[in-house]
């Protein structure tokens, strides 16, 4: 083991409150604490897992990191700079280093654009690549995710779920980002396809020296791909540690419940059959 | 619920305010001079000036508007320059006729359209469905005045079984006015002959008015039923052994009707305004006819009155529809 | 049945649907169904043996019998497209208002016969001073207003002065020859009117001067001399009183039992039914829903020919139609162009558009048959050669001008004339912009020659049977800026008109008006159009009706009977 | 780089075909679906026929001068014959000629009203939906007000105020027509804005302009086209209604509503006079409605039959 | 209850199903064979589009025809071939003998009716179609029947773990959480005391912790009522934990079936093996996840022969000829693959 890598992303006391409106004037009468003071840090080149059930706030964290939502408070330090304090132009530039892959491969691709336009969009926005050069780069990316140039001018509806997720990944890596946020990237896929995607992600990480923030509710997948895991429950992190430690010696009650509920494909480990 | 209602009512106010502003502006874009009409051909300049003062039209527009709004708050809609009557009185006189006509049309459309729409959905893509589709598209495509005239010719002239126009025979004394609806008044007075007569007069105009709404409801209902039939809970109901008629007429109907409710609400308002053509052809003494005559004479107080009244009705109907949603759909909570 | 609730629901639906269908296809079926005595005719009153129903004449006895029994009330229905906006006899104008006024009020004199003669009414006799300035009327003694008070000389004076003060309605007809001191009470039944200057047609305008009950008017005077109140109330002495008043729909009168005049027909009431389309009026008379239709077109009359039970009345009346040309502004200041257009216009088409036999062409400015009208006057008729000759003399020898024609919105016949004019002008290479406008706006345009359109079609109805009526209103320069004569102004013509109205001797007047006509034709300010017949359709059940060519659509109900 | 060489080695035509192959495939499928429905094809047929008639009419109508205002009063009210297939009117004009030329007026009104309504509506709706907040409130309340006003009465009033003419009629109808599009577009934009692919574009740093024009608007064209094709018929009907009331086209413009209004006085005797303009109106609107209904089946996945 | 219990309760034989869609005909079921014994819980696993849901729906004859069409096949349920039954006869089976629950509890209850209304309708209908009036017995008044139905519904709700059922039964579906809704649906399915419960992805929409509760409940009920269950799911973990038997479907065929223990411990079919190796387990190390390469086939023009052939690492020429018939590896383990039995090259 070499010396630990530096932190690429540090999240400090991040919070996102939504006002709860009501009463005659529909004024805020309280807050919903979607994310409530979350702190964690991700080392460069590692995979950090964020696990939680629906409504736990894990997706809100992802959206806050990308500034798709404005956090209510907290600091997001990416490569040493606080993203929340950056001027707009600088933020835009930084965005190139932080990309996302969404859960739903059917909704995250614009149905009116061809694969070339979808994958090429970040390139058009952040680089001077155009025309043939752009096409060439897109083909290159397609090949990196296991698709070929014959798909260049196809529309999303012509692809299967797994293929679409590959396109989504190609879009995410187009700018050679440092960090990719994977928001439940495989939970809409069948297991055989999920395995393909997980393998692809694994391969890309090694090849492109990517850092992953992997959000999921599937403990098996997290265990497989992540180095560190944080469990989040009702907007708060209840436990965070090395993956193996969490799975073998969980400390929090919630973690234990979750692990016990995880269905394992082995008839010998059934909690139901007496 | 009360909060919701109050807030909705509060939201209505700016809309109505804008409405008055809009109608006021448009009625004053009119290039002509309605005072001239009242003054008569031989009127002198002084007489015209006096009349203009009487109606307040000599004031600058903002002043006129403020005056109008002040009157409005007192329930005063101004006076018709042409008939010299209070617009409020005129509306009281003509509105029940229109409302009766529109309600009859809406009833026809709903009572026929809902079952036909369900039928069309159930018979999807088979001959009856296609026939109903042609019928409804054809109905939407028929100009109301054309349809009204055809109905008049066929039922009034050729067959001679229905009256050509009007609300009630000229010679007969209508039942005492209670609601302003001749049919209801007749029923209240237990004057069954008058009720039949009133219904006979109502039939053609109501039908002519209802047809496009009927067609829309059929289409809406068909689409919603088809959509609801795709829902998981319908499959569950079938899987648990409920028979198709019960599923269709209880479970599907209520869900499908909810989406049709919006159309009914919207159409109610539209028909109030759209009755113009039907009222013209059938000489139906309602606000549509009143509005047309006022517009032709560029008599703007009644135009504003009618527009405002219909606007209010429209807003109120939609409010009622919103509240009805709550009745039909428990998921909607009014907070 | 598998499920009772499903079954019930289904049944409910079936029933509702059926009911709706029934309602929609409607309750009528006047045909057999012996159990249900559906009314066979719209005009027939409802039956149902309800003892409480007071005004119901029919008595239930056998519900199967359709026609109304003999003792039925006799209510006359008049179908008219014109609403009644103002019953006040001193402010309300227009034939529909006049029709109501005529039947709830009385005037000193009435029109009767054809040609129309002024006959006694409230005034049983009168004398006129030799200089034509002083009129003394003797009133009938037993005339009573509807509240029972007598119709006195004071009431006459009050009525005239109210009209003179208000300066509205028909006031213009006599206002120029009267002031507030003109009328004086001699005794209860004698009233004297002294004109401020000679006015030949004075007696002819009096049928439109109705006498109001001062007591009632004073009691409801308000801020405006009772104008608001009298709009839909009456203070008269006439044969009828108001029963129902439904603006925009119908106005019902019922016979006043204590009417002072004996005789008359058997009508117990009358209804003025607003029926906007002429075709609807026609159908109403055809179906028996109305007894008289008053606004029919020539085509309607043709359609009605041979209809059973319908009597058609078609008579010439003193109502001229001409298309005025802008004498003071634009291309028509050029007399040659006016002449050219006068010769280019297709008069025959105009006549044909009215329908066969429904109108005659005008010969000059005055309606044929009126005092002084010259049947042999030379007037332009379509003659393209002459038209082109005149055009060549004008400032526009090759045409190429766009002229404007504005007609009253919804007035079909004026639209047709516009289109005929458009077609005629094409032959001179003149273009026409046909535009409709509300009457109000048209009137507003005529205030100024600059805004007055090039062509301005106008009907001019004779309110009184005297050439002065048309001549003064339509051709006197003082009327410029009014719709009746927006722009024509020739001092010579003016002088003739003034002489005509102050001259009393008939022969002398005929001469004056002859010269007037020649002068107007010479100046060619108008395309002289048509004199439309008065066209009325009537059920043959209406008895005792006699045509009077003055405002014959404002019908007097008193003499009429219903079979 | 094999990929690059593959791209560049292709001829421009082949390249173009490759780029658009999927697009063509989409169209082909759309058209195939459209063709499945006989009624939609009938609608397309009627619509094309009416357009054809409108465009070529002046070349072959038997009495072109009648449409310009010529009258032949002596031949008034001729019943349909070979010389006058639809009979003649009260001034002896050939009704067939007038009806054919009338198609031009109706179509022109429909097209122009829709163009202006769609332009205004899409512009305001997109602004309101995209920016939300106060801008949205102001625009949508304005829309509400316009939607609250009885549109026919408002159109009649505006047309009456401006004075009758085809142009004013178009103005008046456009004025009451845009709010429907504004609301449609606003709702669509607001919901598209939440769509994941728009979020993805935002995450990629796309500008607002890019998001609106590349991601949002192209995805809401279908409902707009569907609504427009269904609305075309209603716009024509409204224009006819204005003509009927007498505040629309002015004579001698051969407009169907105007003709019908004049003809109404002559029924039932001269039945051919109102029937033909009425039928023409019906047929045109019917054609557009069938077409719109078919387009909806193709373009609007939610309304899939 | 006539037939002897040594017949399987459910026996699907060579079931084919075509569905007409816009693009053509989908051959979604391609000769499905399946046997489910009484009192057994069978997991029907497979990935999206493999036909497992349609197989379940076919048992209740809930596939609309058209667009569906059954060219061939029999479904024997309790000694009767449901493919030959009329709709009226099916109505007597559904809910009463065969009940179903579905994936998303949020959408499977009608949102605009009270739970009580929906349950009472089901209960009443089931009782009314029973020859003996079911739990209603000979009760006659409508009111009395409804009350009896209501009591029964409340009892069942309590049984599935809904507290305060007597009150909550008058609530609307949206007032319940996802897990509670699934409990309600289970209670509804049990109203008719069915012999066969077809549960189509009953826990897929739920969080893992809730999934565990529902599975526990299901398992308990199965044993208590001696239900036969066809548990349709894509989650092999769930199958492993609750099922006695398992059938693996791929593209319209059951490719392998048998006791859960055998299939999980010694998977025979290449697809099953691939599937099992696609799931990361605690033992799986980074990079060891295998997956199944390729995509599911186009069902309009499916591969001739074995439909897994294009993705199969062991594909042979014979695999392209015809679909292999099932071979029994053990008494409780069958596989349809040319690698086994006489078809073996």
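Which chain is which? They are A, B, C, D and E, in the order written, and residues in each are numbered from 1.
Here is the rule we use: a residue touches a chain if its C-beta (ideal position, glycine included) is under 8 Å from a C-beta of that chain, and two chains touch if they have at least 3 such contacts.
Quick caveat, the model's predicted, so the values are computed rather than measured.
Colleague: Which one chain sits nearest the middle, judging by mean Cα positions?
Modeller: Here the chain at the core of the arrangement is B.
Colleague: Measuring between mean CA coordinates, which chain is farthest from chain D?
Modeller: Chain E.
Colleague: When the contacting C-beta pairs are counted for B-D and for B-E, which pair yields the higher total?
Modeller: If we tally the contacting C-beta pairs, B-D comes out ahead.
Colleague: When the centre of a chain is set as the mean of its C-alpha atoms, what distance in Å lies between chain B and chain E?
Modeller: Chain centres of chain B and chain E, defined by C-alpha means, are spaced 53 Å apart.
Colleague: For chain C and chain D, what's the span in angstrom between their mean Cα positions?
Modeller: Those two chain centres are 45 Å apart.
Colleague: With centres defined as the mean C-alpha position, give me the chain A-chain C separation in Å.
Modeller: Comparing mean C-alpha positions, chain C is 86 Å from chain A.
Colleague: For chain A and chain E, let me know how many angstrom lie between their CA-based centres, rounded off.
Modeller: Roughly 34 Å, centre to centre.
Colleague: Indicate the residues of chain A shared as contacts by at least two other chains.
Modeller: Nothing qualifies.
Colleague: In chain E, what residues contact two or more other chains?
Modeller: 91, 121, 125, 129
Colleague: Among all residues of chain B, which ones touch two or more of the remaining chains?
Modeller: 31, 157, 242-243, 246, 250, 280, 296, 298
Colleague: Under the stated contact criterion, what part of chain E meets chain A in this complex?
Modeller: 47-48, 207-209, 211-212, 215-216, 219, 234-242, 260-261, 264-265, 274-282, 284, 286-287, 289-293, 295-296
Colleague: Which of the residues in chain A come into contact with chain E in the complex?
Modeller: It comes out as residues 53-54, 160-163, 190-196, 198-199, 202, 217, 219-221, 223-225, 247, 257-258, 260-267, 269-273.
Colleague: Can you tell me which positions in chain C touch chain D when the two form their complex?
Modeller: Per the touch definition, chain C meets chain D at residues 277-279, 297, 299-300, 303, 346, 348-350, 352-353, 409-410, 412, 415-416, 418-420, 422-423, 426, 432, 434-438.
Colleague: Once bound in the complex, which stretches of chain D touch chain A?
Modeller: Going through chain D, the ones touching chain A are 1, 3-4, 6-8, 18-23, 26, 195-207, 210, 214-215, 218-219.
Colleague: Note which residues of chain B are touching chain D in the complex, please.
Modeller: Spelled out, the residues of chain B in touch with chain D are 14-16, 18-19, 22-23, 26-27, 29-31, 124-125, 130, 133-134, 137-138, 140-146, 149-150, 153, 157-158, 223, 226, 269-270, 272-274, 276-277, 280-281, 288, 291-292, 295-296, 298, 303, 306-307, 310-311, 314-315.
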